[in-house]
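Residue numbering begins at 1 within each chain, and the chains themselves are lettered A, B, C and D in the order written.
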Amino acid sequence: MRVQIQSRLAYDFAQPTETIAAVLAAHAPGQIVESETLTLSDGVRMAESRDPVSGARLLRGSLAGRVSLDYRAVVRIGPRLPLPPEVQVAPWSALPVEVLPYLLPSRYCPVDQFLRFAAREFGSIQPGGARALAILDWLHTNLDYVHGVSTATTGAAGTFIDRAGVCRDFTHLGLTLCRASGIPARAVAAYALALDPPDFHAVFEVFLDGGWWLVDPTRLAPIEGMVRIAHGRDAADIAFLTTAGDVMQTEMNVGVVRLDSPKLATATVQPLVKASHNPNTVEEAA
Amino acid sequence: MRVQIQSRLAYDFAQPTETIAAVLAAHAPGQIVESETLTLSDGVRMAESRDPVSGARLLRGSLAGRVSLDYRAVVRIGPRLPLPPEVQVAPWSALPVEVLPYLLPSRYCPVDQFLRFAAREFGSIQPGGARALAILDWLHTNLDYVHGVSTATTGAAGTFIDRAGVCRDFTHLGLTLCRASGIPARAVAAYALALDPPDFHAVFEVFLDGGWWLVDPTRLAPIEGMVRIAHGRDAADIAFLTTAGDVMQTEMNVGVVRLDSPKLATATVQPLVKASHNPNTVEEAA
Amino acid sequence: MRVQIQSRLAYDFAQPTETIAAVLAAHAPGQIVESETLTLSDGVRMAESRDPVSGARLLRGSLAGRVSLDYRAVVRIGPRLPLPPEVQVAPWSALPVEVLPYLLPSRYCPVDQFLRFAAREFGSIQPGGARALAILDWLHTNLDYVHGVSTATTGAAGTFIDRAGVCRDFTHLGLTLCRASGIPARAVAAYALALDPPDFHAVFEVFLDGGWWLVDPTRLAPIEGMVRIAHGRDAADIAFLTTAGDVMQTEMNVGVVRLDSPKLATATVQPLVKASHNPNTVEEAA
Amino acid sequence: MRVQIQSRLAYDFAQPTETIAAVLAAHAPGQIVESETLTLSDGVRMAESRDPVSGARLLRGSLAGRVSLDYRAVVRIGPRLPLPPEVQVAPWSALPVEVLPYLLPSRYCPVDQFLRFAAREFGSIQPGGARALAILDWLHTNLDYVHGVSTATTGAAGTFIDRAGVCRDFTHLGLTLCRASGIPARAVAAYALALDPPDFHAVFEVFLDGGWWLVDPTRLAPIEGMVRIAHGRDAADIAFLTTAGDVMQTEMNVGVVRLDSPKLATATVQPLVKASHNPNTVEEAA
């Protein structure tokens, strides 16, 4: 699938402020950035660097005054298979070392506090895909998608009590319950086709049968239409803007459009790799 | 300096439990493991893997029943310089990408909640070494080293209110205040010479002038005598034992002895590298 | 029903410490203290005062060194009816003014945080007895009675996440869910017949159809065999010992025995008053 | 001093909602309501009841649709003396029973969590007025008066970390530190002369030398010009509007004007009672 993504962010910085922006499409398995343009407002300089582990491309700089970032790209997304119930969780000793942190608690995911609940609620379900799907069902049944309930400091414990939140909150509670159930899970920031209203989206991935499987706990956008920006332990790692001080957002605009027709896409994209080991790949049939 | 370290841990696992143990001396800059032995109780198998980024060597396995780990090693530690006030903090755009996560909030370090306090208390102090030293002074003045106040779920916010805790708590609040003040900071698990009573120690490092500087916020042990085990965002990443379920600790014993005489050590260890860029190095004069 | 209650508490006070003990059977509707003795260790003086609102009798004093309190009493308990589903909750404007605080959040009962969950889970159930019974069923299904999970600072939010605790925790979550569902609810400290092992018990009361109905959210002891000590908003108000500083408990022993035979009791105790307006009364037929 | 107070509140209730409004001047020692008018919008009925303990006069009703409350009153306020350093705190056994709850933790005042900090920071200061004044100085030095930092769920622990808030937050932290230091303290809602911009004000009282002494931890308004509405353990008890469900505030307007000239007032108001025992009295010389 080919999609055109665009975002516009504008801010007012009262004083020079160290800033990281994560808005560029990642150079990551599962997607190819065919073309892109980044336009910063006059006089603004940001350095781009690519995280060698995640493929995220961060923009960094000390920003002051009125600043805008305009980003446009055409991205080809490889096929993504929905999480199957039969994929297995590996014993810890068989996990790649770099996956281990995604079993641990993080700022918004106090996994240690949810071990009892996870065992009570999901402990009897086959570990692996079936259990992750049960957690997604639980989130769907027990959380309401509502703006204005959560704030930037709300974590999974707050959302578990509130029973409401936005994509970030669904993702935090999903990450927490998966990790507390023994399933490695990491947060993903993405552009999402068909998200209404359009916005940066927070979803997550679980590591099963040797690959990362993308899921959307809000069920608001199809995983096939997501363009990955960054991944990390939780929203702290994947925020589209991280600053060392206060800043006023004056504008934010996100758009995603599909460029190829749905029918055509189905016909031409043929995954060659074994889905269970690299489910989110971009390799296609010639 | 050469030290002999040893630890003995014993546990009772009611059922087979996925486990990670971080007790081996790291293969990291600043120290050389000259010799070591690891003895697991009969029938226990754990796989060793080295984290390519941190040099930490993790033992992983599914453990059941009564299990003990005995570890002994002789480690040569390179010289470590105390943090000087004049070292500088780099702008974010000049930081290595892998340092960025150590500016962010983590499970026990809710940096986002401490931005105001950090600005109020330390904002007027020269960023860099001087500010980090001011934070260490603040911890020394405002926290009491007391067992039994904190638990495994206590984070920096709790310690800030309690004004008391153990090495882990001092470290969490130190990490939080440094990050909230713009100084990258990461937690370090170590064996520590002269710690009384002997125990696994939690300390931290700040990234200034291009290098990581080790500090002990409890001021209970000299940084020169520490053998690094692992580093990470906070205690969640560097626990000496992480398990997927409940476990009963039945024994824990740590010991560290210096093998060379202090005078001799001073004579033979000559750092060759520029301290401000790689302060904790093991390279020595021939 | 006539029961004999006894408790023995012993403490070691490192320095003179202001103390309130709530161990005496209350002079409250629903029970008559037929005889009692209180023995304090040598040299200890505590003043008794009766709270005119609750009937609780508090012992107060500045205690130092080793102190013991021995209390024994024979108490006649009036009949108590189980909460019927059909009792109604009054509109706020019809509630006695002194009942209003029991609708509000308190230290361990953050009612404001549970409004959404309460509405989601219990909002469709008839307000009044039916809804309170649904809350009790929810607690029974979703909480495990386990020692060692909660501490003295655990509130209803922690218990909601942990899904486990002791009588105090069940009571806090029950109080919180009732108040968040519009039902006035207050905590009650009691001696409880048939509690195994014997201990001070924390239960609660809901205000419906103009009277307070006693319920035991742990279902560990029959409400008919409870001797009331004090009531209040939550455990902060009804602790058996409140001190201005640290104290070491060296002994604690509670016992409750039934004096009359069950059959006899049924024969002689005849409630005359309308249960729905004063359900926990001690008035009996002559 | 004679002041004219007025408030106008307007709300939009999506559905009939149980509501308590606390806007009327209390019938309490220290002030006399000379005249007053309350105007509710058409069709709205609220019952007034007076809390026999606090003298607060609550309006209660089930409100629906657009509702406004307009209140105007002329109130004569007795003299209030500033808290003197030499007033003493009584031993717990000498406190009136009804004062005891004001030593305990409440929803927004987790006193139990602040015992260590209070002892560390204020333990060496003479208990009583001197210590309460030291707490007020600490608040003044360590907190910034800033809108937008706190929310309706923020308690003293949050404010202690944020180091910023509004009158309610200053009051919660003040109450918490006083109680944790052994000084009974209760929250007071008031109309305040000279508060800019005019608003409902939250202040507090400490119980020393047998009387309640009013203090304003924000130092934004003189205690002499305050008209008491209600008191309680914290903001949960004294909110100007408490509802059983969501409601939209559409208007809020508060005004306080002094009717007599400052000079005249000084001449005619002569407190007859001993200030140390009933500091906030309205009794005047004939």
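In the analysis below, a contact is a pair of C-beta atoms (placed from the backbone, for glycine too) under 8 Å apart; a residue touches a chain by one contact, two chains touch by 3 or more.
Remember, it's a predicted structure, so these values are computed and weren't measured experimentally.
K.L.:
Where the contacts of subunit A and subunit C overlap, which chains show up?
P.N.:
Common contact partners of subunit A and subunit C, which must touch each of the two, are absent.
K.L.:
Which pair in A-B, C-D or B-D has the same interface as A-C, with over half of the contact pairs matching by residue number?
P.N.:
B-D
K.L.:
Can you give the whole-Å distance between the Cα centres of subunit A and subunit D?
P.N.:
47
K.L.:
If you average the Cα atoms of subunit A and of subunit B to get two centres, how far apart are those centres in Å?
P.N.:
For subunit A versus subunit B, the centre distance works out to 30 Å.
K.L.:
At least two partner chains per residue is the criterion; list those residues in subunit D.
P.N.:
In subunit D, 113 touch at least two other chains.
K.L.:
Can you name every chain pair that touches?
P.N.:
Per the contact definition above, the touching pairs are A-B, A-C, B-D, C-D.
K.L.:
Within the complex, which stretch of subunit C touches subunit D?
P.N.:
By the definition above, subunit C touches subunit D via 18-20, 46-47, 49-52, 58, 60-62, 91-93, 97, 100-101, 103-107, 109-110, 112-113, 115, 119, 152-153, 182, 232-233, 236-237, 242, 244-245.
K.L.:
Okay, in this complex, where on subunit B does subunit D touch?
P.N.:
Touching subunit D: residues 113-114, 116-117, 120, 144, 149, 157, 160-164 of subunit B.
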